[in-house]
Every structure is written in C-alpha cells, then in structure tokens.
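Here subunit A shows up in two complexes: once beside subunit B, once beside subunit C.
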Partner chain A sequence: MASAQSSDSGPGVVDPDERFFWALMRRFETLAVDRYAALAPALLLDEKVRFVERLAADGADPAALAASPLEKPSGELLARAQQSRDEAATLLVQGIVLECLGQAIYRLVAGRTEGVSEASRQRAAEGLAASAAVTAAAGARIAERLGTGEPLYARFADVTYDVVAALDPLADPVDCVFGRRFGLRFADVMGEFTADLVGVCTGLGMQRRKVVAHLTGAAMGV
Partner chain B sequence: MGLAVFGEKVAARTYRAMSSLRPESGALMRKFATMEARHGTTFAAVSRDNGVEPDRDFANRELGYLLEQVEEYAAAGDFDALAVLQGFIVESLAIATYEPFLAIADRYRGAKEVFAGALADERYHVDWITRYLRLRYFDAVPELLALAERVNARGVDCVGGTMMNIARYLDTVGMSGADCAAGMMDGYAELLERVGLDQRSALRSVAGVFAPLVAKYRRGERAK
Partner chain C sequence: MAGASGGVLVTGGSGFLGSLVATTALRRSDGPIVLPIRRPEARDKVLARIAAEAAAEGEPLRDADRARLHIEPWPPPHGLGAMAARLARLGVRDILHCAGCLSYFNVAKLLDGNIELTRRMLELGARLDVRRFVFLSTAYCSGFTDALIPERLHEKPGEDPTDYTRTKRDAEWMVAESGLPWVIVRPSVVIGDSRDGRYGGKPYGIYQFWGALERYMVGAYPPVLHLVAARAPVNLLHQEAFVEGFWAAYRELPDGAVMHLASRDEGLPSMRDLTMLWFREYGGPRLVHLYERLDAVPMDTVAPPLRQWLEFTAVNSEIASVRWNFQRDRLEAMRERGLPFRDVSMETIAVVQNRFVRDSEKLREFVAQYRECGSPEPEIVVHDAA
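Then we have the complex of A and B:
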C-alpha cells in the first residue's frame, strides 16, 4: 500500500477510514476521466485530471473495498454508468448526473467541521470545484449538441433512468460505513444531489416538475 | 378513500386547534375547519354512492402519527408549526393526489365535482397560509428555514410516508403513485420558495427527508 504523501495542494490523507472513502471516490472519478477521454473530450478538463491524479497518488487497498457493503451497489452503479456508449449519453449520465452526485458528496465532506481531517476537507473542496467545472462544461456542450427543453428532457430521462435507479441501494451501506464516522448520510447526499441536478436541468430548459417526477420514479423503481 | 375521508376530518381538527391559538385569525381558521369537515362528509357520501367502503383502520394507522404532532404543536401554542404542517405539508399531499385524480374521477359517480371543489378549497387555504408566512417571516428567512427544517423532520416523514404507503393503491386505480409523490415533494418545495427559501434550500430540505421514505418503498417496507 502506498504511504500517505503530500501533494502540491496540501497534506495527504492518513486516516484509514478517510483513505477508504477516497479510494471509493477514486473509482468513480477514474471512470469519469476515462469516459471523458474516450467519448466526451470537452469534459476532460485539466482541473479534473489533476484531481484524479492526486487521488491515484494515495494508492488504495482493494481488499478493504471488496469487503465493504459498498462494493456491490457501487459496482452496480459504475457498471450502469459504463453503459453510456456515445458522447450524448456520457454528457448526460456522467457529466450531469454523476458529477452532481460527486458535488453533493464533496460539498458535505468539505463542510464538515468535525470528524473529518483538514486534508480531506481540502481535497473535497478541490473535488467539488473540479466537478462543478465539468458540469458547467457539460451544460454548455449539451445545449450545443443536444439542444434544450422538452426534447432534451425526453433524452435525459431515457438515458439516466438506470443510473438514478442504482443510487437507492447505496442508502444503507453509505449510512453504515460513512454515517457514523463522517456524519455523511445518504439522505443528505440525496437532498444536495436533487437540488443540484434540478438546478442544472432547469437551466437547460427542462421542466422542473418533470425532472423531479423522473428522479422520484427512478428511485422508486417504477 | 379512507385517507381522504378521515384525513379531511383531521385537517378540520387541526384548523380548529389553530383557531384557538391566534384570536385575530380565529374566525378564518374556523371557516377553514368547516370547509375541511365538509370535504370529509362529501367524500364519504361519494364513497357510499359508488359502493366504496373507506378503510378506517388504514386511515387511523396513517393519521395517528400526524395527530400526535398536531396535538403536540397545539399544546405548545406553536401556530407557525401547525401552519407549515397542515397548510403546506398536508395540503401538498391533498393537492398532489386530488389534482391527478380529477383525470380519472369520471369513473366514480359524483366524484369529479366534490374533488374539484375540495381542490379549489385546499388551494385557497394554501394561499392564505403562504401570505401569512410571508408576512410573518418577512426579512427573517433564516428563522423560516429553521422552522421548515424543524417541522419537515417529522412532518414530511409522517405525511410523505403516507404518500409512499398509498402509492401502490394510486397505481391500482389508474393514477401514478410516483408522479403523485413527486408532485407532493415538488409542490411543497415550491411553497417553501414562495415564502422566502431559495430553490436549492427548499429542494434540498424536502428531498433529503423523502429519500429514506423512497428507500423503504423500494424495499417493499411500510414508510412508517
């Protein structure tokens, strides 16, 4: 296992639980960067690449992740995200939905005043900034390539349903693994995520009520 | 129908409790209570006419937790908590179900007229509560946010839980439980925005309380 090390943006993370958290986030962020490189280069921002490189420098303990209750639901979510096979789907699934999810998580971690090290708070703030920059780029690219409003909503609802539906099984594992340790609760993540995602979607001309109905229906599995 | 019939009676009781807490609004709250009681009576009559027996046991199970909160706030003289709980959260459930029900109400003799009337009345109540809260918390948005979060924690858990518990019944009669749940969630968030919260805070607050309820629905558990 790699030792904790400093990066150019601050001290490394040494707490084992926090390192586990970052190992999990690294899986998601690595997939994001890979998808952007392959299918949506407009989202491959330097800020994001540098952030993922810093996560990679931590190293990770695959055994800890494999033994965690988060392994199965996070693996399922990643598998569904990998089903995006073109730029349009990547922009919507990865650039909007999963980046909004990342922002929700990073915002909550960055805002913790206790139970989280300064190193992790700082890193979360960097992740939040990188993710927000990608979402802004995704919004611009979507408007340019896919248009806005009702036709975009139809496409958004179609390609994001499976990924949104895969979030709910993370509820108990997130609360179990991170709730007590970091105060990171799934309900809070979903509150932040919904607020962010609805804001992005309405900014692209989608009807708010329809977006909320889509998220609710997918989460309910109907 | 059990929930509609007996829920309206609880609403009448809540507005009666509110009438005793603020004398200057007492007459209006009593009027609201009378309107809600009338909804319960007319819904029961429509049920009878259509051979539908309202499920009192189901309603009692769902409404017990709500009644507890109403009585607690009333005993504490907390008019504003009752305003948010009844005027926003409970009314959001009513509006989110009555409105789409109108699209299928013709299947039930006499239902369309009474539900359309009830819907108009609920909107009237919501408008009054909205104006009241806007004036009451003008220039005091942090206090309003604190009030909303305090009431949401139990109120949305309770009333939103009921929404999730009736979702499958709504599907059965040809409505969409998911759309109704979304309508309640978004409708309530919009009400919070109308009285001063920004969109992000309102959605975050409501969606965060709904998330565990949805998780329970997904697992086939009762939401409360």
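Then we have the complex of A and C:
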C-alpha cells in the first residue's frame, strides 16, 4: 500500500471518502489507457499513463466501490465504453466524450476550496491536464482520420449515444455519495461536461445546435 | 369512411401517440387491431400501456378487446408479402401509420424511421389495396415561416427547425405520390390530458423544460435565474384533443386531405406565460431575467446547471420563440359539426404541470423547499429584443 506515501506528484490521498472517489476514477482511467493501447495509440500519452500509475499507487479499496450505489451505473457506463471496437469509435467515445467528462469532474474537484484535501486537488489538477492533453490529441487525430463537419457529426452521434445515455443513471448516486461530502453534484458535472464537449465538437466543424440536440436526446432518453 | 368497419393496422403502438391511436381504435371500432412492434419482448409493455390508457378513459379492456389485439413483430423487408397475406386474412382495410423517429438530427435514424419505414408501409398498403392510409406527420414540417401554414403539401418549405421536420415532409410527399387513398394528420406539440394531466410520452416540448429542470436544477436555483421565455404563443395540444382530431380525420376527411391538429390561438400561452405560471405555483429565486433568445443570455455568467438547462432546452426554445400560424379550417369545420375538442389554456396547462410535479419526487421536494425558503414572486426583469 502506497496510499499515504509522498511521490513526485505530491502527497498521497489518505481520506477514505476521497480514496473511494479516486478508486472510481481509476476504473475509468485504467479502461481509457487500455483502450488507447489496444485501439488508439495516438492517445496513449505519457502524461496519461503516469497519471493512471499514480492512481494505482494510491491503492484504494475496490470493495467499497462494489458496495456503493455507484457500482451499477458506473459499471454500465464502462461496459458501454468498452463497446468501441475500432480506432474511430475509441477516438470519439473515449478520447472525446469520456475525457471531457473526466475534465469536468477534475476541474470541479481541483477548484474546490473546502472539503477536499490538497492531495486530491493536486491529483485532480494532474488528471485535468492529462485529460486535456488526450482530448487535444484526439481532436487532431479525428480531423486527420475521420474528417470534420457534417459527416463527422453523423458518426459522432451514432457511436456516442449509448455512452451519453448511460450518464443519467449516475445522477442520484453521484449526488448521494459525493454531493454532501465534496459538493460534487451531477448537475454541475453535466454543465461543465456539456460546455467542454460542445466546444470540442464545434472545433471539429460540427454544428453546435446539432451536438446539443444529440446530447439532450441521449441524456434525457428521447 | 364514416361508419366503416374492418381491421386496422396501427404502427407506433409502442410509442406515445401510436398507443393512443391504438387504444382509440379498440374503443371505437369493432374489427381486429394489428400492432407491429420492433421488439417482440416489449409485447406486454405495449399491452399494459393500452390497458392503462383505456382504464384512464373509464373503459377498461375486456377479454373481447384483448382478443381483437394482434401484437406482431415487424416483418423483415422481404417479409412484407407474408405479412400482407396475414393482414388480409384478418380483414385489415386501413393503415394508421403513426410510427416514426423523433430524433432531431440523427439523419440515419430519421431516414430509417421516417422514410424507409413509410416506404414499406406504403408498399404494404398497396399489397393490401387499403381503403385508407393515414400518415401521422407534424405541423412543423412547413419549416420556419411567417405566413399562414396551409393544410396542403409544402412545395416551398422554409428552413427546417430540425432534420426531423424535413424527413416528415419528405415522407408526406411519398404518401401523397403513392397512389393510395391517403390522409395526412399534422399535430402540433402534444401534451398531457387536460382532465388529469396524464402523459405517456417522452420528454419533448414543454416536458423537456420540466424534465431538464428535474434533472439539473433541483439542487437549488441560483440566486439569479436567466431564462429564455419568448412571447410567441406556443402551439400545444392536449392528448385527448389529439385523439379526437386524429380519429375524426381518419373517419371523416376525404382522400387527399391534410389536416392540422392545433388548439385555437386565443388561449395559447407563450413560454413567458408558462414560466410565470411555474413561479406563481411553485415559487422561485429572488431575481429572474427573461430573454427572447438564447444568444441574448450572458452564458459566461450563469452557473453550470443553469447553463446545462438552457443548452438542453435550446432547440425547443428556438421553435417556441417563433409564431407558427397553422391553418385550421378542417378542424374548425369538424368542431362546428360537434367534434369535442378542448383547447389548451392556462387553466389546463396548470393541470398538466401539477401532474408532472406530483409524479416527481425530486420536484415535489424542490418546490416544497422554495415555497418555504424562496421568494414566491421573484422580481422579473424582461430583456426584450430591440
């Protein structure tokens, strides 16, 4: 166990609730790195790999996660993310959608001035930087490999619907588990996430209103 | 058509409007009702939905009604011949094509759900030599226009609000050029029943505003709220009015007729009226800024949940910011002849809104909190376009 050890990235996370949070994030980040290694090596950045290694070193207890209300909806989200079976889908689902989700979460945690330890704030800042770097790389690779504009939107809408639709069941568990403790609320995450994702998509030439309508449809089940 | 009998094929029976039509077909006709569904495992759900609607109308399904219902899987493209033969044996004479895709911009799904499916239904109709093919379209397939929107096919449409409206218009033309005896029904935005507020549809239209509020805003209102709430009347239509109008169109209109189903303008609320109704009923934050359009909102100053709410309701806000002037001559003529049809009013909207809140635990808690702690009458600052 290296949970309380210092590392080159600062002190380890010791607070049990925070360790639980990082155990959850580690599941998503580990999947991301695995998917990039298998299907989208252009996104396998050193920064991301190092970040995942640090999360692993925190050694959070997976049993607590298994017993929490987050287990089922987060497992469903992970399962849907794993359905990306080629580079194109991995770039869009993992490199854009889930990395934007990660950035939204990390930005909110890194920006908390109370209720969150310095160790977690620092860890979140690292995660935010790593995620932003991956998203930038994904944007470049998407433009090169899949093109931009309307044809890209059609593909984006097709492969990301199920993943975005899997976010809504996380709402109550996130508010319940992290809302009171960290002030991390699902609505705040979604607000940041949507703003980030729409920005990335319009940067790739997709029409803003179409992207927003797609996200609305997926997130609200229409 | 009046008094005609025979079997009816209703598509879209697993959806909101299709299930209302199927329930009505059961109640108002005496032949077999065939409901093709995409997912056979949803059979019990479809049946339960129809049973619930029939019960809500005070006419619970009897065994004889259930025996008339034939819920079947959609045939594969090469299976239309076999299906036509089966439908002919059941005595199906009419097709009420209510199925469709309501995605706003997913062109692949829209082409599949609105164009290809309609093509197959028309082919099926031709094989059956149907007496009537009724196509459920949308009043908004005219595209944006300031002019009166006529009850005929649109030859020069305006810019489309969404790809959904475009594909519905394209499908209308396919129907009209099919050679079958057709009728097209174009409802505006269907909301819950005016009597008890019940609603079985997805969160479109006004429900998208309330649904997004339920999802993203129930933590707390920000002290200052920025909302898009235009002054144009919103063309809402109660579900029981939809049912009456649709059925009358099916049974009474001549072949080749297009009919708009929309409430009279006089009582229609605007988004601003609806916003004020919400605050009057449930309280709100201290200060509310109202805008005509989303691009007038200072988005960089609003909190993420509110930004999310504004973004997710943006397309509907845009549609609701425009005056849609639907011709309603056919409906008015039917009403003069005695068609029962309840227009939307602030009073009936309140019934629907209260039902939505009553059915949502989150919203009940939220409004209770604001009744206690918030201002019952927030200060309103209106930012009208120049």
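Note that in this section the second predicted complex is superposed on the first by the 219 of 222 C-alpha atoms of A that agree within 3 Å, B and C clash if a C-alpha of one lies under 4 Å from a C-alpha of the other, contacts with A are read in each partner's own complex, and residues count from 1 in each chain.
One rule holds for everything that comes next: a contact is a pair of C-beta atoms (placed from the backbone, for glycine too) under 8 Å apart; a residue touches a chain by one contact, two chains touch by 3 or more.
None of the values given here were measured: they were computed from a predicted structure.
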Partners on subunit A (subunit B, subunit C) - clash or fit: clash
Which of subunit B and subunit C A:Asp188 touches, first, second, both or neither: both
Which of subunit B and subunit C A:Gly199 touches, first, second, both or neither: first
Which of subunit B and subunit C A:Gly217 touches, first, second, both or neither: both
Which superposed partner A:Ala157 touches (first subunit B, second subunit C, both, neither): second
Partner chain(s) touched by A:Ala171 [first = subunit B, second = subunit C, both, neither]: both
Partner chain in contact with A:Leu101 - subunit B first, subunit C second, else both or neither: neither
Partner chain in contact with A:Arg209 - subunit B first, subunit C second, else both or neither: both
Subunit B collision site on subunit C, chosen from 25-33, 133-141, 169-177 or 367-375, when both complexes are overlaid on chain A: 133-141
Contact residues of subunit A, present in both the subunit B and the subunit C interface: 168, 171, 187-188, 190-192, 194-195, 198, 209, 212-213, 215-217, 219-222
Interface residues, subunit C side, partner subunit A - complex: 102-108, 162, 202-204, 208, 211-212, 215-219, 303-308, 311-315, 318
Residues on subunit A engaged by subunit B in the complex (per definition of touch): 168, 171-172, 186-188, 190-196, 198-199, 208-209, 212-213, 215-217, 219-222
Residues of subunit B defined as touching subunit A within the complex: 167, 171, 176-179, 181-183, 185-186, 199-201, 203-212, 214-215, 217-218
Partner subunit C, residues of subunit A touching it in the complex: 153-154, 157-158, 161, 168, 171, 175, 179, 185, 187-188, 190-192, 194-195, 198, 209-210, 212-217, 219-222
